[in-house]
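So, here come the structures, one by one.
Note that subunit A is present in both complexes that follow, paired respectively with subunit B and with subunit C.
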Partner chain A sequence: MLKIKKNIAISDSGFVFDPGTGDSYSLNPTGLEIVQMIKSGKSFEEIFQDFATKYEVEEEAFEKYYYDFTTTLKQLRLTEPNGED
Partner chain B sequence: MEKIKLNIALSGLNNIDSPGPGIPVTRGLKDSLLIDPKIIGLAYDNLEPGPYMHELIDKTYKVPYPSDGVEPLLDRIRYIHEKEHIDVLIPNFDSELFTFMKSERTLKEMGIRTFLPTLQQFEERHKSNLPQFGEKYGVKVPYSEPIGSIMDFRKIEDKFEYPVVVKGKFYDAYIAYDFEQVGIYFNKIAAKWGLPIVIQEFVKGTEVNVVALGDGNGNTIGAVPMRKTYITDKGKGWGGITLEDPVMLELTHKIISQTKWRGGMELELIRTSDNELYMIEINPRLPAWVYLAVAAGQNLPEALVMLAMEMPVKPFSHYEVGKMFIRYSYDMICDLKEFEQLSTKGEL
Partner chain C sequence: MTKLIFERPIIQRINAGLPSKYGMAHKLEPISHIDNVSIKSLMDSYGSPLFIISESTIRKTYKNAFRAFSSRYPKVQFAWSYKTNYLNAVCNVFHQEGSWAEVVSGFEYDKAIANGVPGELIIFNGPDKSRQDLEKAIKNGSLIHIDHFDELYEIISLSKEIEERPKVAIRVNMDTGIYPRWDRFGFNYENGEAWDALNRIMANKKLDLLGLHTHIGTYMMSTDAYKIAATKLASLAVRLEQKHGHVLQYIDMGGGFASKNTLRGAYYPGTDTTPSFDDFAEAITSAFMSSEIKPDNLPLLILENGRALIDDAGYLAGTVLANKRLADGRRATIIDAGVNILFTAFWYEHDIRPVEPVSEQTEDTTIYGPLCMNIDVIRGNVMFPLLKKGDHYVIRRVGAYNNTQWLQFISMRPNVVMIDSKGEPHLIRKNETLETINSQELTPEHLKNFDL
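Take a look at the complex of A and B:
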């Protein structure tokens, strides 16, 4: 399961800070929601179920955007190296 | 608790776009809860901003350049000491450290304390000795060789792959992409800082730095890692942020413990994409960004003065991660009378 690194700080405003590199990022509300769900240990299926009940979204489209997003998280080294989804 | 009144002389008042550490060190001392410092600035130039910053620098004296020789400098320090009763002297320039280290005993006899690296520590961390330093203490360093002429580089060119870094013995570093550029930078740096010039393997990665203080017995009194978030065209950090990096701290502790480092230091490191750390330089003094460490919870200038005064200092164990600095420029308005006084009388 994909895991956000423990030391990454995420504020309620969507500001993300990596204390190891000093880099910071801003998430939009959707990104923040997804990251918080990943952080709480939810799988892709669980996150999709949550989103499907709240928003009008097709699984195929959600899956594409979800993996695009998590690939970016991995590239930015915000996830544990051995964390997979 | 009553603060200890101390007269502290320090240099590095050139708070310009390539700043000396004098003003940040002073800010740390003025923030101290233990010391009530009178700051005596030692200036080399009439236009260094420090002498005119009266809220920080209490009195300034012009001093001769170290290149004028030890005696003229010591004569001037003697004169200043007679007037100001200096308790601690903090030289903040690489180029003057050798002279002050050589004069440590004389200064002590005069009643002036310093807290500087030993000559051996100073010499072995020199840029030209870095490969031997790395080997001796088990620290990864980029391959480098000192050269005395551009033809010297011709003879060893095969040992390097372009780009290479061309570095001065005290300051300045440029990335050269071919032999011609090496020649240009060689002449540029040699004209300013003299020989040798060091040619260093270029290691690709992110530059990270640590400011630290060693007590001379192998203990690290404090250490704060930082990444420059904004770098000027002169390669100076115009912004930075403290990092949580146990590996950098471990390396710092290792170097201080093995060398029994005495005094302030700045480690310049490159972190590669494979997360390996290469040490590219050790600066044997507190850096111009030291006030970030003070703001993050480690008043290293204060601790350095306490060590110089042989007072007990408890090592720092924490600092705030994510503390930032953003440097700025400011047009200070100065009175011509003050400029005249510093120019003609050498005192302000």
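Take a look at the complex of A and C:
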């Protein structure tokens, strides 16, 4: 399961700070919701269910954008290196 | 409960320190309508991508340019630069507004005649005029702007065969302090070639020398260059009168005023840097007024502006085909219009906007066209809203040079519609199809069949 590194600070407004590198980032609202759900340990299926009730989005489209987003999180090294099953 | 619009999730680095080159990143406001007509509904009817031309913007821009000159100078005439956009509907809007035609080939000349422009109101420019073209132009009483001595002698030779007297001007090139200097067209001012050409025409007596012409460059941002050019042409007019007692009827200052597009690599956007028509008009007319030309002999001032008159009226709308990520993590958005139909993407950082509402979020994006070619980049590195596959975009200020320089390459050239002053759309050029292309081709008998 994908895990966000523990030391990463995430504010309610979507501001992200990585004390390891000193870099800061901003998330858009959907990005913030996904990160918070990942942090709370939700799986892709659970996250999609939550999004599908709230937003006008098909599963295929959501999956595409979800994985594109999480790949970026990995590239930015905001996730645990061995955080996947 | 209605569901919320889903925006794709993104995360981006916040760069502390220097703001972007245009100051704070600004939101790209969507453009959903042109002249109160929905862009989406136009694409539903006419396809995607689609060129959309606003008739009322053409008329408004023309009137503004004409007013800038006619409020400062008694005799002003515009001639529509066909090569900038020679769709007949576009040309005819300019002709209805009072523009003559300015053409640079036999094909453009015939197009102007077919549109109904009287021969004597066609200015024939450029280095490429065949003997047949010249013969036709002389018989029609068109204004022939001579580019080189070979052309001058061709006209002199024709004048012995044809009854009508050729009406001519010479094109003059000169140093106006700008680079690159366009010295490949016409006769040079500084080295005396232009004066020499004028004297040979006067000595010949079979030609009617009516004017002087220059076109100092294109996308000119300097009004000073025009002032210098106008001053130099005025001095030639004065010398002609002093030496030959010959009064010129007109001076044609060409075109070249920058449009409000932003040049690639420019630091400031074109909307901030482009001089107004009033600025250019002031530079040119003040040079004439303060020259030694006698007030009674002030020549007709002709202008041949292209891009500054039509860029704003043209839009290219279309659809997002896909999003992907480049190897370095940057965003790539692929749209359905490529550089083959948007030639000006090579020169400009075009203003590209979403059609549907978007959030405040933007991402550093490179916008690619659909061609399977590496050069097909519509915009590099633009902070762009998060458009999804199927969303629509519209590119502003594409009226100049695209509908004439576009290529049929890999895909077909799309429909062009014009929205009239009442908001009615009209199809003014049909999209090409496989039949259009194949109708021009001939396959030899022995190549008609194959077995695979």
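Keep in mind that, in the parts below, the second predicted complex is superposed on the first by the 84 of 85 C-alpha atoms of A that agree within 3 Å, B and C clash if a C-alpha of one lies under 4 Å from a C-alpha of the other, contacts with A are read in each partner's own complex, and residues count from 1 in each chain.
One rule holds in what follows: contacts are C-beta pairs under 8 Å (C-beta built on N, C-alpha and C of every residue); 3 or more make two chains touch, one makes a residue touch a chain.
Please read all numbers here as calculations on a predicted model, not as lab measurements.
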Judging by the criteria at the top, classify the pair subunit B and subunit C on subunit A as clash or fit.
fit
Taking the superposition on A as described, I'd like to know which of subunit B and subunit C A:68 touches: first, second, both or neither.
second
What is the contact status of A:31 with respect to subunit B (first) and subunit C (second): first, second, both, or neither?
second
Give one of first, second, both or neither to describe whether A:21 is in contact with subunit B, with subunit C, with both, or with none.
first
After the superposition on A, what does A:7 contact: first (subunit B), second (subunit C), both or neither?
first
Of subunit C and subunit B, partner touching more subunit A residues:
C
Touching A:40, do we find subunit B (first), subunit C (second), both, or neither?
neither
Quick one: classify A:54 as touching subunit B (first), subunit C (second), both or neither.
second
Determine the nearest approach in Å between the Cα atoms of subunit B and those of subunit C after overlaying the two structures.
7
Under the contact definition given at the top, report the residues of subunit A touching subunit B in one complex and subunit C in the other.
none
For a test of understanding, state which residues of subunit A touch subunit C in their complex under the given definition.
15-16, 23-31, 33-35, 51, 53-57, 61-62, 65-66, 68-69, 71-73, 75-76, 78
Subunit B-facing residues of subunit A, complex:
7, 9, 17, 19-22
Touching subunit A in the complex: which residues of subunit C?
3-14, 16, 323, 325, 329, 359, 361, 386, 388-389
In the complex, go through subunit B and note every residue touching subunit A.
206, 226-227, 229, 240-245, 321-322
